[in-house]
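Here chain A shows up in two complexes: once beside chain B, once beside chain C.
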Partner chain A sequence: MIDTDILVVGAGPAGLSAAAEAARHGARVTVVDENEKPGGQLFKQIHKFFGSRRHRAGVRGFDIGYALLDEVKSLGVEVMLDTVCYGIFPEGVGLVVSGKRDVLVEPRRIVLATGASENPLCFPGWTLPGVVGAGAVQTMINVHRVPVGERVLMVGSGNVGLIVSYQLLQSGAQVVGIVEALPKVGGYGVHAAKVRRAGVPIYTSHTVVSALPNSDNTRVKAAVIARLDENMSPIPGTEKELDVDTIAIAVGLTPMTELAFIAGAAFTYSGLLGGHIPLHDEDLMTTVEGLYVAGDVSGVEEASTALEEGRLAGVAAAASLGKIPEVEAEEKKREIRESLRDLRTGPFGDARARAKEEIVNEMAKRRGKRSA
Partner chain B sequence: MLERDGYLEIEEIERIPGFPGREALSRKKVAILECAQEIPCDPCEAACPRGAITVGSRITNLPAIDPERCTGCGTCVARCPGLAIFVIDLTKPDHDVVTMPYEYLPLPEAGQEVACLDRRGAMLGSGRVKRISTAKANDRTAVVTVEVPKGLGMEVRAIRVNGRVLAGELEGVKEPSKEGLLPQGPEDPDDMLICRCEEVTRKEIIEAIREGAVTVDAVKRRTRAGMGLCQGRNCGKTVSRLIAEELGKPVSSVPPASKRPPVRPVKLSVFAAGEDVPDDDK
Partner chain C sequence: MKRISDHPILGPLPEAREVWITVDGERLQAREGEPILAALLAHGIHVQNISRKKKAPRGLFCGIGRCTGCVMTVDGVPNVRTCVTPVRDGMVIETQEGLGKWGDRK
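Right, the complex of A and B next:
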């Protein structure tokens, strides 16, 4: 049995910063992650992060990961890698360590910081070798340093599609184009401009209609793309066939909420934030007492917001255990919420701010009903 | 247009506060911040040792350049994670000079001839590398200063080194043939797999929905879609979308699939062993 005050599931930016904040205030914290390396998404990110200086913007993703890890270690947090959390039960939290040891933990608080998983896209040929998720591409080229292919079509122009395209170019692959179903580029203009000036065309209002196989059906040989009309249907006669051996899919992420579901948390829906999301309050606590969510699992956003949400959940969880005097805790939470509000402004952030607010309001309404 | 095409037109640049102004450009070397969207980002502000860049109190403000304070030192170029800052000098009589960030290999050498590309990646002519800085403070972003043909200082934003083509260019693109359509693809969309773990096709799922399986769980019970190794993490969203399409309802109205532990595949022997594993296994 592992004895700990707070169990954090997921060692990405949200989980690590939650752990650091709680440990700083004297809570005993254990972080588990299924990977052999901590850092979550950060370790795949070789580019310099945007964001605020306070969130280490301008620093490369993996360097942010190393810094966070040093911080939690120096605060005495136990980080258990290669450890899967497979369920949350009335008797405790189930972990499998190194694929073989089943361990039950009874923490007093749980912070879920499990991140998000990639959405698939189904089109004829999508099961052919050579059709891969953009996240998998990153793991291959940036972590394991193996090429995915020579000529790549990227599907999706959100920040993930744009950044992974750029990293593919850096790795020596040719990116023949980026298709985007919407009439405008989804990600930040600065990321789009980087790949554009290298010569990558961005086909807005286009989608991939099929992947064509090579003669022995072992690999993608070409992608067929087509222009979309206002109803998002391909316009016959606008097809283009692109010679590619790889089609990378970057069409959004879905919060990995299974553990919250199993624990019995109530859910709400936000298309903008990635789908079904555990309802949570201003402290990021779900409808299950003592169960918190932070980072992409509470709505897909960015590393900078994940770091702040992690801090918020860490402070809230530690405060609920009496580790932080109430006045001080409230002051801290207020400061973090302000910084989150600041990060959620501008044309990209405003809508997210509203979506997040709606979740908190729905939670408040639900509580009101309960107590009424 | 930035939103549609992914790059800024000159007219768009002239309207943002990161543009130093034609007058300043005509008389001095100065930084230009091609950052036109209110994104949460601000490292440029602290990067400038002369206080020439201001973002201000709201992190999403557009960065503004003060051309009078800017000396064109180039410190800010490698600090911008968006690689959106350039220093340009249009004052030389026989060429313009552009300083830009460069994050590809091989790096060019001083004196080397390189191809000059514009914001769309189109070739504009050739230039010569005047200087390249790989200072430690730049954290692996090289800063390259290139002499470009006179009149192109506001156009050149990338270089091609040793002829290495970065993007796929447009070679290998086949437009629709005269007859119209290209071969549609390897398979009938109906035979396409939606759940690849359990090999369930689109047709089987649609049929299940039409027979009344209108939740992800009901489709799963009827077709096994989502019962495989990935636990529905792959197909779940597609199945919800198909249900929504068939019912003519928004996806938000389709309840999430129920999840059961273990959320990841776990070998049964792990549970059998319990917590008391022999010492040699620890």
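Right, the complex of A and C next:
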């Protein structure tokens, strides 16, 4: 039996910063992650972060990761790796340690920081080895230092598509092009400029129509791309065959919300934030009392917002246990929310800020109805 | 073997103890602690299993244990996600057919 105040599921940026914040205020915190190494997606992010200095702009993802790990350790947080959380039940939270030992925990608060998974894209040939997630490419080249292919087509020009394209070049691979279905590039201009300067063509209003196999059907041999009309249909006669061995898919992420669902949390839908998301309030608490969400699971954004959301959930959970005097807690939460608003600026950020606000408003309305 | 040995941001590839694994009968070198899949990619192996219905080769998609594209039979245990399972010295790894079969477990 594990005795803990707050159980955090997921040791990515959101989970680790939630744990640090709560432990700093005297809560006993346990973090579980199914991987053998902590950090979630942070250690694959070798680019410098954006934003102001307060948001660690200019610092690379993995350096933030090491700093957070040191902090969590020095605060006495227990980090259980190789530990899967498989469900949240009335009897407690179910964990499997090292694929063998089944453990039931009864924490007083739970923070879900389980992240997101990459969306696939269906087209003829999409199951061939060589059609891979862009994030998977990032993981292999930056964390494990092995190439996934030599000549890559990137599908999607959002920030993940652009950043991973650049990282592919840094790893020594060739990026033959980036296709984007919309008429303009999806990610930040600076990232797009970097890959263009390196000679990578970005084909807007284009998509991949098929992946062609090699002779024994064991790997991608080429990609066929085509121009799209205004209804997003490929225009016949515009097909172009590109000589590639890898097609990397960067068409968005879906929050991993299964645990919130099992726990009985109410959901809402936001296409912009990645799909079905647990409804939550300003403190990131779901409709299940004491169950919080932070990071991608509460709506797909970026590592920088995941760090801040983690802090918010950590403060809120610790405060609800009486670990932080109310006035101080409210002040802290206000400061973090302000910092989140700063991060959610610009054409993409503004839309995310609005989508997040809608979720909080919907939650407030629901509570109003309940108490009425 | 294909490794990203020099990197403009990450620097030279750190030293790692070498371990040996057997893949479909062939002995291959791997780096201690790396996922099975990384070792396979380093040796240019891109097929991890053959799908059940269409008998089509499958491999890496997500790299973080979500999609099961990379499952193989490891030490007699079928459906092991090789992208999140570290290599161990002496591991026996087989390309899996369909849902796989339980073999002799060590």
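Structural remarks
The working rule: the second predicted complex is superposed on the first by the 372 of 372 C-alpha atoms of A that agree within 3 Å, B and C clash if a C-alpha of one lies under 4 Å from a C-alpha of the other, contacts with A are read in each partner's own complex, and residues count from 1 in each chain.
As a working rule, a contact is a pair of C-beta atoms (placed from the backbone, for glycine too) under 8 Å apart; a residue touches a chain by one contact, two chains touch by 3 or more.
Being a predicted model, the structure only gives us computed values, none of them experimental.
When the two structures are aligned on the shared chain, A:V132 is found in touch with chain C, with no touch to chain B. For chain A, the partner touching the most residues, choosing from chain B and chain C, is B.
By the document's definition of touching, both partners, chain B and chain C, reach A:P120. When both complexes are overlaid on chain A, the residue A:V77 reaches neither chain B nor chain C.
After overlaying the two complexes on the shared chain, residue contacts for A:A355 are found with neither chain B nor chain C.
Applying the stated contact rule after C-alpha superposition, one finds that A:N142 touches chain C and leaves chain B untouched. In the superposed model, A:A306 lies in contact with neither chain B nor chain C. In the superposition on chain A, A:L212 contacts chain B only, with no contact to chain C. In the superposition on chain A, A:R60 makes contact with both chain B and chain C.
When the two structures are aligned on the shared chain, A:Q170 is found in touch with chain B and with chain C.
In the three-chain superposition model, chain A touches both chain B and chain C at residues 34, 60, 117, 120, 127-128, 170, 217, 256.
The touching residues of chain A, counted against chain C in their complex, run 34-36, 41, 46, 60, 117-118, 120, 127-133, 135-137, 139-142, 144-148, 170-172, 217-219, 256.
Remark: chain B residues 2-8, 34-43, 45-47, 58-60, 79-84, 103-105, 117-122, 139-141, 157-158, 165-170, 172-176, 180-189, 192-194, 196, 202, 231, 233-235, 237-238, 251-252, 256, 258-264, 266-267, 269-271, 273-275, 277, 281-282 touch chain A in the complex.
Taken in their complex, chain A has these residues touching chain B: 1, 34, 47-53, 57-60, 84-89, 94, 96, 99-104, 117, 119-120, 122-128, 151-152, 157, 169-170, 174-178, 183-185, 188-202, 204, 209-213, 217, 224, 236-244, 254, 256-259, 261-262, 267, 269, 271, 275-276, 302, 304, 342-349. For chain C in complex with chain A, the touching residues are 2-5, 7-10, 13, 34-35, 37-38, 41-42, 46-48, 51, 56-67, 83-84, 86.
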